[in-house]
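Consider the two complexes below, in which chain A is the common component and chain B and chain C are the respective partners.
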Partner chain A sequence: MAEVRIEGLTKYFGDTCAVNQLNLVVRDGDLVVLLGPSGCGKTTTMRCVAGLERPTYGDIYIGETRVNDLEPRERDVALVFQSYALYPHFTAFDNIAYPLRLRKTPKDEMERRVRDVAEMLGITHTLDRPPGLCSGGEQQRIALGRAIVREPVVFLMDEPLSNIDALLRVYMRAEIKRLQHELGTTMIYVTHDQVEGMTMADQIAVMNEGTLQQLGTPSEIYDLPSNNFVARFVGSTPMNFIPGALQKENGRTVHKSDQFVIPVSAEMADRAAELCPSGQCTLGVRPEEIRFTTDDEGDNQARVFLLEPLGSETILDIEKEGLLLKVKDVASTQVREGDTLSLAFNRFHLFDDNTGAAIR
Partner chain B sequence: MAQTDVSETTTNESVPQDVIMAAQGRRLNLRKLLVVIVLYLAAFWTLVPMYWVAISSIKSLRDLAHIPPRFFPTDPRLDAWVTIFERRILENVYNSLVVSTLATIICLIIAVPAAYAATRMRLPFKFVAIVVGLMGLVALLPPIASAIPLFLLGSDLGIIDEKYTLIILYTVLNTAFAVWVLRGTFMDVPMDVEEAALMDGDTRFGAVRRILLPLIFPSLFSIAILLFIFNWNEYIIALYFVNSMKTMTLPIAIQAQIPQHELDWGVVSAAGTIAVFPVLVAAFTLQRFLVRGLTFGVASGQ
Partner chain C sequence: MTVQQTVSPLPGQGANSPASQPPPQGMWSELFSFRDNRLGVMLIIPSLLTLILVQFYPIVYNFWLILTSEKGEWIGLANLSRLTRDTIFHGALIFSLKMGVVVVPMCLLVGLGLALLVHSDYAGRKAIWISILIIPLMVSEIVAGMMWKIMYHPTLGLVNVPLAALGLEPIIWLVKADTAFIALCVVEIWRISPLAFLLLYAGLNQVPRDIYEAAAVDGATRWRAFWDMTLPYIRPMFAIATILVFVWSTRTIGTIAATTQGGPGRATWNLSWYIYGMSFQRLKPHYASAAVLVMLLMTYIAGTIFVRYLWVERRSR
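Up next, the complex of A and B:
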């Protein structure tokens, strides 16, 4: 069990910069998800921690030890690969026992630990089989078992759930989180699936193009995105973006776009004047933060052109002058396609058009 | 596949399903039959010469000279076999075995690490191609073109007519080929599996020995057999470097059965039969391993 500290990590492959000046502290016992689109450097970061890649610049500490120059085997870190990377010529038992064999664990202790882990993961019945004869879910658990059995100080997971079907994924997601809680071992979990990130993480580190965009708890990431990339990337129905500019109207500040005029609080207006003097900024609002009424009295009116019923809720696709908004209707009001609604924006974010950063 | 075919045909109500399936079955069988016929023809084509050499070794002189040629000996005899054993052919077999086996093993000992480095060390492809290309240059030249300079070099060094010279030469000539084939084999094993071994606490050498090599063993064995056959059959280099019975390999020994005055085809055929025998054994083993290698890949699920 240990803290993982990444300081100024930079990794080049030839001329390509995969990770740029990354600083990240993973607290002891935390589950941190590295989240980002493919090619954002999350896997490279993890491989640097694992010791499979050497940082170009920067330092990595596990506990108090600087591990830059240590071989993977000297780091006491376990990695679960996206492909599971099981040894096809061994049985499941030998796969799980392999790390213990290398550590010259006595035979009876090894036997006991492998069986314990297999029981914990519910794969005792597969132990005599080669992985090729196990189902995808079982292979996944064998790979987990191989990581768990040696009780490493840090777990690394490289998109471990991306190769199994959707239903099992939802189940395994909770399973891995439960295991991590039970074992209390620090875990770095790499994924491009924001739902996985949101549901599992103690802390999420959102990455894009090799740089860290934001580090925070899932609710911080969701409610207070630090820039428009994070805002766009997180959320299963994506955030709505309305390009426009801040203006003074009748003594108060509004966000004015081609479609809407949205009043901005005095507090936010002050911050915006300070941080974004040009006033050019995009307003971002989550689908569930748009309230609507069916009367046609209000300021911001728009027409519903499509309903997307999801069972527990309905997504209303709303259009006004070329701008599309998605609005979540949780109260299942009787809105029909073609209706005109008046919109009110509860909570929203402003993003500076020049930097993309949130104004707050 | 069959599943989707069926579901498509069930919607087509004008044609009964069993008729369609029967038609498909017939077409499949016809194709299978054609394949089988072609394979039998190919087998016949390759086996007849071997059969011919084998029966020629037990034919009488009359049968050997008979026109039209006789497919079955009328008066089988073992004279030719007695003769070649009297001429100590077993010593030649021994020489061939020693040279071929050792050259194969040494070649693999060099080629396996070389191919591993070429695939796993992130060397630029161009660099690998140039290095292996240079190594392969000697092998790509017509053997006779390299044989003469090699002979001159060998006689300067005073190592003509030594078994170890043949072993060194065969190793050198085959290494580039072996590296190239092994490179492909190594690339088929996902990097992940080896990295998993490193993460599990193994050294790189350990990961290669415990994980990579067992995984590619069928391919490794196939390559070894191929190399062995190359070495076993090698003639031109041996022709230059063999001067005495001490080093004489089988191909040279067969050639030596053809004397200046009278040619006894029976003796030559008997020697030829002996030379073919290990190749046949190797080919059968190879075939079993190739089949195993294929299913092994499927089972691994990678």
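Up next, the complex of A and C:
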């Protein structure tokens, strides 16, 4: 068990910069999710920690040791690959036992540890089979078993759930989180699925185009996104964005767009005046933070365009003059398509149009 | 009764249990019924006929040759029993086997080494390397033999240059039995290794890269990964390469024709050279056919052994 420290990590592939000046500390025993779209550098970062890629610049520490010049096998990390990378010519047993065999573990101890891990993961029945004869979920757990069995100091997971079906994925992500808590081993988990990130992580590192956008707990990332990329990327129903500008009206500041006029609190107006003198900023609001009433007297009126019932809640697609908003209706109000609603915006964020940064 | 059939199977006696599904009756008869597969059968016939013509007919004809004398009289197994007493034949058989024993492992080693080199990250433009390395495959046996004959020339040849540089007497390679054997083996290794290289290189390309990475993270050294990942993976290709190299090296004739002509004496007679001499110089094709049969059997037995011990998948545990 150890802390992982990444300092100024930069990785070039030819002229392409995959990771740019990344600083990240993964505390001992934490589960940190590297979250971002494809090509954001999250897998490259993890491969650098594993030793499968050499950083162009920067240092990586596992515990107190600088591992830049160590071979993967000298780093005592375990990696679960997206493709599982099981050894097709070994049985499941041999796959899980391989790291132990390389460490010359005595035969009876090896046998015991492999069986323990297989039992924990519920794959005892597959042990005699080659991976090719196991289902996707079983293969995934064999790969997991191979990582767990050797009790590494750091777990690295590269989108381990992306190749299994949705139901099993929901089950496995809880399972991995439980395992990590039980073992107390530091884990870096790479995914592009923000739900996976939100549900599993102690800390989420959101990445885009090779740079770290924000590091924080899932609720920090969700409630206080540091810029419009994080705001857009996190949230299963994405945040609504309303382009516009801040203006003074009747002595108070409002965010005025083509569609809406939304009052801004005095504190926020002060911060905005300081951080974004031009006043050009986009307002972001989560679907569940828009309140609505069916009376047609309020300021911000809009028409319901489409209903998306999800069972426990309904997503209302609301349209006004070319702008589409998604609103979450958890109270199952009897709204119908074509109704006109008055909207009020509970909690929202302002993002500077020039930099994309949150005004806070 | 119909109600029972619509009841969904209980857990544990799911759709996989034989009772819950009617046996696939008529599947086999359907597959093999001529009526339904008429087109398929008709498409196969031309290649089947060609196969019979070029493969089975010569073998059957060969048996007829063995069982008859040069005058066309039926002599039973006399040709074969004569072979058992023919010391020249014994010499040729042993020479062929000796050559196989030296050439096959050397070709596989050289081929594997080249394949690993070209497959490695250091190789750069692989296409260029491959096209250079397979040049010997494109050279005919005779040309290869002629070329090496010049190389082995006592005064003109390149092979003796390093010896001369060391102040040693030049070796007259092709006129002494033991040096002629070594010289011929070298020609054969030069000529056939590229075949092993090509096959093993193709095999290496089939190994998925991620299992090397998994092995590296799991704690394997490069050497260990080679033993645990690469070798098991390329086993089938290894078997194929072994068989082909064995066949190529034992049946060679052009190389011998171009270099030693079987000499000195009969020291470098191999089976092919023996069969050629017996058929076309001594004009005893019926007797030579018996030697052909022995050669065929030798190849067949060797092939079976290689497949049995190399190709069969390892179920390690």
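Throughout what follows, the second predicted complex is superposed on the first by the 360 of 360 C-alpha atoms of A that agree within 3 Å, B and C clash if a C-alpha of one lies under 4 Å from a C-alpha of the other, contacts with A are read in each partner's own complex, and residues count from 1 in each chain.
The rule is simple: a residue touches a chain if its C-beta (ideal position, glycine included) is under 8 Å from a C-beta of that chain, and two chains touch if they have at least 3 such contacts.
Please read all numbers here as calculations on a predicted model, not as lab measurements.
Look at where chain B and chain C land on chain A after superposing the complexes, then choose clash or fit.
clash
Answer with first, second, both or neither: which of chain B and chain C does A:Ala50 touch in the superposed model?
Both partners, chain B and chain C.
With both complexes superposed on chain A, which partner does A:Arg73 reach: first (chain B), second (chain C), both or neither?
The answer is both, since A:Arg73 touches chain B and chain C.
Quick one: is A:His89 in contact with chain B, with chain C, with both, or with neither? Answer first, second, both or neither.
Both chain B and chain C are touched by A:His89.
Figure out whether A:Arg103 sits in contact with chain B (first) or chain C (second), or with both, or with neither.
Both partners.
Where does A:Glu267 make contact in the superposed view: on chain B (first), on chain C (second), on both, or on neither?
neither
A:Arg146 in the overlay: touching chain B, chain C, both, or neither? Say first, second, both or neither.
It touches chain B and chain C both.
Can A:Glu64 be said to touch chain B (first), chain C (second), both, or neither?
In the superposition, A:Glu64 contacts neither chain B nor chain C.
Please work out whether A:Asp15 is in contact with chain B alone, chain C alone, both, or neither, and reply first, second, both or neither.
A:Asp15: touches no partner chain.
So which bits of chain A does chain B touch that chain C touches too?
50-52, 71-73, 77-79, 81, 83, 85-89, 98-99, 102-103, 146, 150
Give the list of chain C residues in touch with chain A in this complex.
Answer in residue numbers: 208, 210-211, 213-221, 224, 228-229, 232-233, 313-317.
Show which residues of chain A lie in contact with chain C when the two form their complex.
Those in contact with chain C are residues 50-52, 71-73, 77-79, 81, 83, 85-91, 93-94, 98-99, 102-103, 128, 146, 150.
What residues of chain B sit close enough to touch chain A in their complex?
190, 192-193, 195-203, 206, 211, 214-215, 296, 298-302
Please name which positions on chain A make contact with chain B in the complex.
Checking each residue of chain A against chain B gives 50-52, 71-73, 77-79, 81-83, 85-89, 98-99, 102-103, 130-133, 139, 146, 150.
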